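Below are two complexes that have chain A in common, paired first with chain B and then with chain C.
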Partner chain A sequence: MTWLTPHIGTQLVDFGSAMLLLTCFAIVAQRRLSACVDLFALQSLFLAMTAALVAFLTGTRHIYIAAALTVVVKVIVIPRVLKGVIERLNVTRELVMKVNVPASLLICGALVMIAFFITQPIIPFGHLLTRDSLAIALAIVLIGFFTMISRQKAVTQLIAFLVMENGLFLGATAATYGMPLIVELGVFFDVLVAALIAGIYTNRLQDAFDSVDTTHLSELKE
Partner chain B sequence: MTGQTVTIAVGLLLLAPLVAGWLSLFIKGSRWLHVTNLISIGTLVGAEAIIARAVFAQGSVTAFGEIVYIDALSSIILFIIGTVGLACSLYMRSYMDEQVARGVIAPKRLNLFFFLFHMFLLAMVLATVANSLGVQWVAIEATTLATTFLIAFWRRRESLEAGWKYLILCSVGISLALFGVVLMYYSSLRVLGDVSSALNITQLQQVAAQLDPHILKLAFVFLFVGYGTKVGLVPMHSWLPDAYTEAPAPVAAMLAGVLETVAVYAILRCRGIADQALSPDFTGGLLALFGLISFALASFFILLQHNYKRLFAYSSIEHMGLAMVGFGVGGTIGNFGGLFHLVNHAFAKSLAFFAAGNIHRRFKTVEIDQVRGLTTVLPWSALALLISGLALAALPPFALFTSEMQIVTALGSSGLPREWTQPGTKFPVVMLLLCSVVAFAGFLYRITTMVWGTAPKDVVQGERWSVGHIPIILLGAVLVGFCLALPVSLRQFFEMASTLLVSR
Partner chain C sequence: MIKDQSILQAIAITLAQAIVLIAVSPAIVGLIRKVKARLQCRQGAGIFQPYADLRKLFRKQPVVSTTTSWIFTATPYIVFASTVTAGLLVPVFASQMPLNFAGNIIAFVYLLALGTFFLILAGLDAGSSFGGTGSSREAIVASLTEPAMIMAIFAIALTAGSTNLSTIVHKTALLQGIVTDPSSHLMALAALFIVTIAETGRVPVDNPATHLELTMIHEAMVLEYSGRYLALIEWASGIKLLVFLTLIANVFAPWGIATSLTPTALSVGLGVYVVKVAGLAILIGTIECMFAKLRLFRVTDLLGVAFILALLGLLFFYILRG
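Showing the complex of A and B:
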């Protein structure tokens, strides 16, 4: 393909990473739990596409496997499990937030800047193709971290954790063209099991506390 | 010792918990579950002994085409996993059976318990012997997943809360560590260029000096924060007291004695690589600073506790902080002290949790105020509590006092690593000593009020002999034995490991 010059390739990868970041902001702004799950699935799809693109442009075969696994695990299986969990719950929306949506978005904007600032000294060492994705990956990790702290529903916290994981995967693809295959498989396994366990937990919390609001989890104190 | 023997031993090390875990799901009857468990742990300990001998002769061994790498440091961690695991297995025989007999758990759930227990063991063994930092990360995350249901095993509201907190905090922490692993890989790929083995410790050690310091600095900070959450360093410690209180006693003993040690090991491994490219003061400073903060804060929290399991939890944070100070200050004495402290703490803390489990079953409360007169109610457990309490308070001649003094000496003679403080500041040593006095007083005061006094009338008196007393007596004997002498072979092992840790 003659039109696919390295320059255009870089642009495409950057575009994919930017879409991931965009869906991150959408998740932060979204109060409805099921919409959050959909957005997470969309983000994972973007992630798989970006990874496949990197695999195609660099000819690194094993990233294809990781991309395929992303589609299976994060676009199909985990969202389905989460949807099942939400259906059982008596809440569909995140009602009370510690930080409201506009303020959250502003903080996330600041986090993106911090991510670029932190990674600035090490970005020039990277591959030309995926240079800027590392900063975006760190930004996604930080936003996931922040969402985890600021939200109260167990499901949202779980989604935030998965968003962090997406950011990490983008980072691994961007910085190093993927980790060794055995490590990547292990990571996928861990994420899948973590999501399943958290799903079971949410059900048990619902049964025991009649709510998945983690503010009720305050019986253990000093 | 041929390479083949070592390969078989390593294979057994990993296969024993895996096979026993899956078998546990299908075995009927608690007796056979315990037998399987003991066989598996026995195999584990035997394999460790073979590996330790090989390591002693050769310095380090690799197996399965460099997937497994074991040196003196990992042998010591394996030794802790094996011995504490064995003690827990014996203790579980009486502890878990009584819970089933009292109807706290259905007999069927015992299968799940043993399955998770073995997966927990397997993950810890894998994290210790893995050559690749990536595989090590996967294994440490797997320990979180295996233990979260063990912590919430009673399924009460409080235990669910503790389990959820543990799962979320540790998973997030560990995710940050994964970013550190990615960065480590990023830096090593530029030097090694080989995709499959660029995360292997054996490869990284050879080229560590050429790695880029900027990337490594960032990588180490992420790794330290991530694994530090698992160790329970302040301010990432908030899951720890809840988890230890709610977990069944043998699980709490494993968490406190072994899991923390494995997390410390992961930090030390990464540090060994980072130190060769960075100035050791950077990593050492980070370790010592967080260790000091954890130690100081935990020693004051010990004063506030009115729940004995939380008391032990904060004492864990305190001791891990102290060991971190030892590793951070470094040098031969600091590293030796830190390692020795880890081992002593593992024994003393598991003994403490065994005693706590017995007390909890008899008094049905975790409040210190309601437990009185242990000497008449549970004489053996009282003795165990007293021995572990004195050891954990670091009273001489217990070995924890020796290791604590080594760490204090190291800190006093070389001070905190230079990057963070003025050279020659005596403030850290003074603070460390003051806080240790506070912790000592607070801890002993709480323990002694429980041991002496007159027992409440409604509590049954007298202690019947059970299998669960074997590990209590053995651990107590080891703790007292370490007062008198450290076996020569064990000391040589510690010396080997601490020379590995001394950076340049």
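Showing the complex of A and C:
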């Protein structure tokens, strides 16, 4: 283990968080719903790998459990559920967007800068090897939030919500080497249930309006 | 005396690198065509076919429309000269270019842009509608790739602490495989690869193998050219492709490049260079087979992604200080 100096460890963690942010941008640029789900699964896999790496480098056991749960819940179960939902729908891609792809990408780039400037005063005080990831975690939360607002299909909004949750998980790992296990278990359960409920709700939306465009929900019906 | 010798050596190294770029480029174009043909279960022409094509074109009489101005006949020479000059600024097989003082990466970008600008003018010059369409499309692509390219290059320049290509490559080569900013470099690499594909008119953006008027960009601009003018333009676009591949290979993976001017280092550098560039050419050929050409209005999405990747590369340099 002589090659695994703290410096290389930090770089590996940084690299993992960079990949998380990259998949975030890929989700923003992607129009096909099923590809978005795949990208979310990939992002969760990167998250689990980064978390496992942090667990290995710091010897914090309970992060391993959280990483394993991430693989089970976010890489396997939730993408399956979402794929099932998408199969029932009559749309395969996001056609009408409130903000088009290049503009969304630019706005997300600006969000990364904002996240960086907000966290910049805090980061030098941290001495954890994950401290650089805090800016990226905040950026992922902001991008997820922006995607939820700017997309109209319920499925994309759900994916954006899950992306936000990934950002929060990364933030918790970056700031404090993870939350207490009991809190993390609760969060995983919440996310799973939220995804299931949103899946059912999407199906209901499809039955009621013959579309999963959530803007229909703000129209008055007689 | 020693001073004289080093000047002679510098001139020899510069000339040798330029000659390698000019001489190898048709073979790289041929290699990409061969890879594509093999992947499509065709036999394909040999990789040295482009040399024969160029020789044939140089022998033929050029036909120039009477409606064209001097720009039309001057453009092939300007494009060829500006591309070769840009190539002089890129380290090919020795990391220290004697022309280092003459220009940095920004000069490199705008020398290539000068060629593109004149090609756009020449496309309009003959007054045909295809030329106009091609020029308009090329202008869109060029204006969108430029910021992405500049950003990607700045991301690398920040790590090396210099905008001089020689210094960047030399510093990275001396590190011997230790990458100081992996995330930042990876983003810049991805951005620069998309830029390469767009700038050299490769498949997701433009199709170099077709003369179908609906889809072509570069081919539409040069449709009016024939004879030696066409040969010069084709050769210049081959050199441009090779210059971009050289840039990617040497900036991101400068391993094996000659950091000193001993004969062994130089010959190893040349061998490694040919292998690296051939590998990249095979990659481009494979990508051309795997993807369909994008609709013109989706090209902006792809180039937007390239810009964002480059921007992230730049931001990661500051965010991930390690």
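The rule is simple: the second predicted complex is superposed on the first by the 218 of 222 C-alpha atoms of A that agree within 3 Å, B and C clash if a C-alpha of one lies under 4 Å from a C-alpha of the other, contacts with A are read in each partner's own complex, and residues count from 1 in each chain.
The rule we apply is simple: contacts are C-beta pairs under 8 Å (C-beta built on N, C-alpha and C of every residue); 3 or more make two chains touch, one makes a residue touch a chain.
No experiment lies behind these values; they were computed from the predicted model shown.
Overlay done on chain A, so just call it for chain B and chain C: clash or fit.
Once chain A is superposed (C-alpha atoms), there is room for both chain B and chain C without a clash.
Chain A residues in contact: does chain B have more, or chain C?
Touched residues of chain A are more numerous for B.
In the overlay of the two complexes, what angle sits at the CA centre of chain A between those of chain B and chain C, given in steps of 10 degrees?
150
Is A:71 contacted by the first partner chain B, the second partner chain C, both or neither?
A:71 contacts neither chain B nor chain C.
Touch test for A:106: chain B only (first), chain C only (second), both, or neither?
second
Looking at the overlay, does A:41 come into contact with chain B only (first), chain C only (second), both, or neither?
neither
Regarding the shared-chain residue A:135, is it in contact with chain B (first), chain C (second), both, or neither?
Once the two structures are laid over each other on A, A:135 reaches chain C alone.
Mind working out whether A:164 is in touch with chain B, chain C, both or neither, as first, second, both or neither?
The answer is first: A:164 touches chain B but not chain C.
Regarding the shared-chain residue A:52, is it in contact with chain B (first), chain C (second), both, or neither?
neither
Looking at the superposed set of three chains, what is the minimum CA distance between chain B and chain C in Å?
Taking the overlay as described at the top, chain B lies 18 Å from chain C at its nearest C-alpha.
Would you mind writing out the residues of chain A in touch with chain B in their complex?
118, 121-122, 125-126, 134, 138, 141, 145, 148, 154, 157, 161, 164-165, 168, 171-172, 175-177, 179-183, 186-187, 189-190, 193-194, 197-198, 201, 204-205, 208-209, 214, 217, 219-220, 222
Which residues, counting only chain C, touch chain A once they are in their complex?
Per the touch definition, chain C meets chain A at residues 182-183, 186-187, 300-301, 304-305, 307-309, 311-312, 315-316, 318-322.
Flag every residue of chain B that touches chain A in the complex, lowest number first.
Per the touch definition, chain B meets chain A at residues 132, 134-135, 137-138, 141-142, 144-145, 148-149, 152, 155-158, 160-165, 167-168, 171-172, 175-176, 178-179, 181-183, 185-187, 189-190, 195-199, 212, 214-215, 218, 241-242, 245-246, 301, 304.
If we count contacts the way the header does, which residues on chain A are in touch with chain C in the complex?
7, 10-11, 14-15, 17-18, 21-22, 25, 29, 101-102, 105-106, 108-109, 112-113, 116, 132, 135-136
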